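Presented sequentially are two complexes of chain A, the first with chain B as partner and the second with chain C.
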Partner chain A sequence: MLEYIKGFFELVKGLGITGKHLTKHAVTLQYPEEKDVMPERSRGVVVLLSDKEDGSLNCTSCLLCMKACPTAAIIIDAPRGEDKKKVLKKFELDFSLCCYCGLCEEACNFSALKLTGKYEYSTGNKDDLIWDVHKLQDVGRDVDYVDKRKKKVKKVAPKPTVSEATDEIKPTQSADKIETKPVEIKTDKIKTDKIETPQDKDEKPKTEGEA
Partner chain B sequence: MSNLRTEEFDINMGPHHPSTHGVCRLLLTMDGEKVVKVVPYIGYLHRAIEKICENRTYAMCIPILDRFEYVTAMSCNYVFSLAAERLSGIEVPERAEYLRVIMLELNRIASHLIFFGTTAMDIGALTPFLYALREREYIMDLFEMTCGQRLTYNYIRVGGVSKDIPNEFTPKCRETVATISDKVEEYKRLLNGNPIWKMRTIGVGKLDADLALAYGVSGPILRASGVDYDLRRDDPYSIYDRFDYNIPIYQNGDVYDRYMIRLDEIQESCKIVAQALDQIEDGPIRAKVSPNFKPAAGETYTRIENSRGEMGVYLVSDGTKKPFRVKARGGSYPHLQLLPEIATNCMIADLVAIFASFDVILPEVDR
Partner chain C sequence: MIAVGITVALKEILASFGLSGGLLSVVTYAILASATFGLLSVLALFLVWWERKIAGHMQQRFGPMRNGWHGWYQTLVDGLKLLQKEDVRVATRDKVVFFWAPVMCFIAAFAAYIVIPFGDGLIVADLNIGILYIMAITTFTVISLLMAGWGSNNKYALLGGMRSAAQVVSYEVPMVASILVVVLYAGSLSTVDIVNSQAGNFLNWNIFRVPYGPLAFLTYLVAAIAEANRTPFDLAEAEQELVAGFNIEYSGMKFAMFFLAEFINLFTVSAIAVILFFGGWHGFEFIPSFVWFFLKTFAVVFLLIMIRWTYPRMRVDQLMEFAWKFLVPLTFLNIIIAAIFKHFGWYWEL
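And now, the complex of A and B:
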C-alpha cells in the first residue's frame, strides 16, 4: 500500500514538471510564416559569386572545385579559346548529388563560389535540381563575401557577364546549354563509383587559372 | 479446455517500425505475446561507405564518413583524421585538440539526449522526447554556428579542424552546458521515481558482464553491466588526461541502468566541456596539410570512445593519396547481435524496451 502512495506522489511530481512548462513560451517557430535566421557560416545552397564592381563571374575555370567535390556534383566545361585562355562554357551543379560538405568553397582560391544560408529550393522535378551557370549566378547576386583574389587577377574578364545573363539573349543561351547536358556521362560516373582525378595530369591548375 | 492447441506464429517488426530506430527488420516468432525467437535482418541502409572511401582522397573521405554514424558525426570525422595522423605522424596544434574535445563531448551529449528521448518514447513516455530534442537543439545551434551544418559536420580534418570557433561560441557554449546539466537533473526527477517507468525497466533485459565481454560489447552498455572500461582513459587519445571527470559504472545491466548511465555521462561530458573552455588558449587550429595529402604506407587500427561504444577505423595506406582500405567499426553491430541472446523469452513490449536501451543506430550497423 505504501508503495502505491509513494508511486502516486512520484507521478504527481512528474506532472508538476510538465505543468511548469505550460506557463513557458513555445520554443518552436511557425515555419513558413516565421523563419529562423541562418548563421553566417551556414552551409546551404551553393552559389556562384560575381565581381562587386563589374558584375562578372569570379570563376576562372581552374577546375579545383570540380576536383575537390567528393560526389562529383560539379561539372565544368571550359575549353581553351582562340587566345589560349579558358572560356567557361558550362558550369553545372547537381543539387541531388551535392552533400554540402563545403570542400569546393575551401578549394577555390578566387572566391568564385560559396555555400550560403539559403535553403528553400525544393522541387517536384529532379531535373530542376541541376542548376546552370546563370541560375547559380542569379541566386548568388545578393550574397556578401570576402574577396580572396589578388588584385592582379582583376584584368581577366571571364565570359558570362551580367549583361549577357540578364539580356534577352539569355533564354537562347540557356536553351543551348540544356541541349548539351551530358547526363549520360554523369550516370556512368555514379555507376562505376569513380571520381575523375585530373590532378594526376596537370599538377598546377592554379597557375593555369591565373594565366 | 485443456486440449486447446496454440501455435507459434512469425511476425515482422520493421523495417519501418518506429521503434527500430532506422531500418532494421526483426523477424519474431511469437507464442502469444511472448517472444520465442528473434532474428535481426540488417542491410537496408547499406551504402558501401568503406568502398566509396577507397575511391576518394583523404579529404573527401571525411564528408563520406560523416554518414557512417550520423548521430555523432564528429566522432566519425575524428577517428578517421586520427588514423591518418597516426600514419603520417602529423602533430596537431594545441587549440585544435581542445576544439576537438569540445565538439566530441558536445556531440556525445547530443547523442545521449536522443537516446533519452527515443527510449522514453518507445517505452511510452512522450514528454521526455520533446524535452530532450529541445535541449539538443542548443547543441545543434552551436555546431551550425561553428561549421555551418547541423548533422554532417565535416569539421574535424586531418591535421586539426576546419574553422575556428566564432566569438559568440564560448559564452553560448558555457550557458548551454550549464542548462543541460540542470535539465538532466530535471529529467531524473521526471522519470526515475515514476512507478510505470520503474516497472518497465528495472530487471528487464539483464546482461551480465561475461556475456557482454563475450559479444564484444563496449561503451555505456558494458559499463552498465559493471565492467569499468572506457577508451578515453584505457587507450588514451587526444587530451582527455587533462580533465577531471568520472566514469560512471552501474552493476545490474538492466534497461534502467543503461538509461541511468547515459544520463550520468551527459553530466560528466558537460564537466569536460566546461573545463576545456576554461583551459583553451589561442593558437593555430590546423597543421599544414596539403590537399593531396599522402600518408606513409602502413596500416593502423585507431579507436575512440563514442557514445555507442568503441568506434574504430582500420586504415591501410599504400602511400598514394587515396586510402587502400578503410574498415569502419561501429559499436552498434555487436549490440544488435546480442539482441536475440537477451530478448528471447521476454514479452514483446520488453523487446522494444531492450532494443531501445541498446541505442542501436542502423547506419552504423549497415555502413
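And now, the complex of A and C:
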C-alpha cells in the first residue's frame, strides 16, 4: 500500500517535470523562415573567393587544390596563354563527390578557395551539383576572409612584431590596415616566405574564427 | 434557477409554427442532434490541434505551425485529406462488421451527449438514469473496437480489439464504483440532479469531500483514461507492438471516424468528471454557466493530455493487475467509507 502512495507522488513529480518543459520555449527552429547561424569555421559549400578590391578571382590556376582533393571533386583546366601565363578556362567543383574535408582550402596558398557555412544547395537534378567557376565565384562574393596573399607583404614591412600583435587582437581592423599598405614589395618576397606558410595557416584561421 | 431547458424552449418555439405531436418531437430532437453534432465536430477538431500543440511544447517543439496562426486549422486540413483518401478495404474482411465498426464507434461517442448538461438547462434530455445511460452507451465503443478488430481479419487488429475489450471490462468496475460514491450523495442518477447537489458554495463540489471525494476522482480518472484508450492505457492501439491496433486496416474517412470518436470520448470523460466532481456548470454567477462548464472541462482535458504525454504505456498484465488487485478493492472500500460518512452525516452542505 505504501509503495502505491509513494508511486502516486512519483507520478505527480513526473507531471511536474513535463509541466516545467511545457513552459519553456521550444528549441526547434522554423526552418525556412528561421535559419541557424552556422559557426564561422563550419565546412559547407566550397566557394571561390574574389579579390576584395577589384572583384577578380584570387585563383592563380596552380592546381594545388585539384591535387589535394581526395575525391577528385575539383577539375581545373588552365592551359598557358601566349604570354606563358595560365588562363583559367574551367574550374568545376562536383558537390556530389565533395566530402567537405577542407583539404583544398588548406592546399590553396592564395586565399582563393574557402569552405563556408552555406548549405542550401540541394537539387532534384544531380548535374546541378556540378558548379562552374561563375557559380562558385558568385556564391562566394559575400564571404568574408582573411587574405593570405597580402599578409605576406606585411611580414617584410618595417615593424613586423607590432603589426603581428595588433593582428591577433583586432583581426578585422588590421586586415583593413594591411590592404592600404604598399603592394609593390609583394612579388619580391613571396618565395622567401613560402617556408613559413605552415605557421601562417595555423594562425590565420584562428583569428578568422574569433572575428 | 432558470429551469427552462433548451429542449422545452425549442419545443415551444416550434409549436408556435404549428407543429405538434410526434412530428414536433422529431423536429426538435433533429435540430438538437445537429447542433450537438456540429459543436462536437468543431470540438474534436480543436482538441486534436490542442493536444498536438501541448505535446509539442512539452517536448520543446512547436507542434503544427504551418496552417494559419500556430497551425490552427491543421486538423481541418488533415480531415480534408482523409476525406479525399482512397477507402482501402482488405479483400478478406468481414464486410458487414468492417463497415459498421467505425459508424458504431462514432454513434457511441456522440450518443453520450444526450444527457450531458453543457450549462444550466443546456441539456437535450434530462433522463433520470442519466449517468447509467452514459456508462451503457460509452461501452458501445469497445464493441465497435472489437468489431473493427474482428472485421479487419488482421492479427494486430484482432489483438488490439481483444485487448480493449479486456481492458474496458476490467476498468468498467472501478469506474462505476467511483461514480457510485457521487450517486450516493446526490441521491439520483440524473446528471442534472448530480450537478445541482453540488450547487452553492464551491466547497460543495464532490472533489472537496475529503477523504472519499478526491479518492473517487482519482480512481475515476484512471478508469476514464483506460476507457478512453489513452496512454498509459492505450493498449488497444499500442503503435510499437500492434502497429496501430484495431484501426490498422482502416483508411480515409473510416479512420477519421475512429480518430474523431477518440477525441470526443476524451471530452466526454472530462465532461463527466466535471459533472461528477467539479460541480458541473456551477461557478460565480456573473459568468454564464456554459462558460464555467467548458472552462472546467478543458482543465480536465488538459490534465488528461498532460498525463498522456508524460507516462509510458503499461504492460497488459500490469494493467489487469492494477485494475483487479488494486483499483477494484480501493473503490469498493471508498464506497464503504462514503456510506459511513453519509450515514453519520459527517459532511457539509454549505
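Convention: the second predicted complex is superposed on the first by the 149 of 211 C-alpha atoms of A that agree within 3 Å, B and C clash if a C-alpha of one lies under 4 Å from a C-alpha of the other, contacts with A are read in each partner's own complex, and residues count from 1 in each chain.
Definition applied: a residue touches a chain if its C-beta (ideal position, glycine included) is under 8 Å from a C-beta of that chain, and two chains touch if they have at least 3 such contacts.
The structure displayed is predicted, hence computed values, not measured ones.
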Joint occupancy of chain A by chain B and chain C, clash or fit: fit
Partner chain(s) touched by A:L103 [first = chain B, second = chain C, both, neither]: first
Chain B versus chain C as contact partner of A:G7, first or second or both or neither: first
Dominant contact partner of chain A by residue count, chain C or chain B: B
Contacts of A:P79 with chain B and chain C, given as first, second, both or neither: neither
First, second, both or neither for A:G19, with chain B first and chain C second: second
First (chain B), second (chain C), both or neither touched by A:R41: first
Touched partner set for A:V27, first chain B, second chain C, both or neither: both
Nearest Cα pair across chain B and chain C, whole Å: 6
Doubly contacted chain A residues - partners chain C and chain B: 11, 14, 17-18, 27
Chain A-touching residues of chain B, taken from the complex the two chains share: 48, 51-52, 55-57, 59-64, 66, 127, 134, 137, 141, 144-149, 152, 154, 162-163, 166, 186, 189-191, 193-196, 291-292, 321
Interfacial residue positions of chain A with respect to chain C in the complex: 4, 11, 14-15, 17-19, 21-22, 24-28, 30
Chain A-facing residues of chain C, complex: 54, 56-62, 65, 306-307, 309-311, 326
Contact footprint of chain B on chain A as seen in their complex: 3, 6-7, 10-11, 13-14, 17-18, 27, 39-43, 68-70, 99-103, 106-107, 115, 193-195, 197, 199
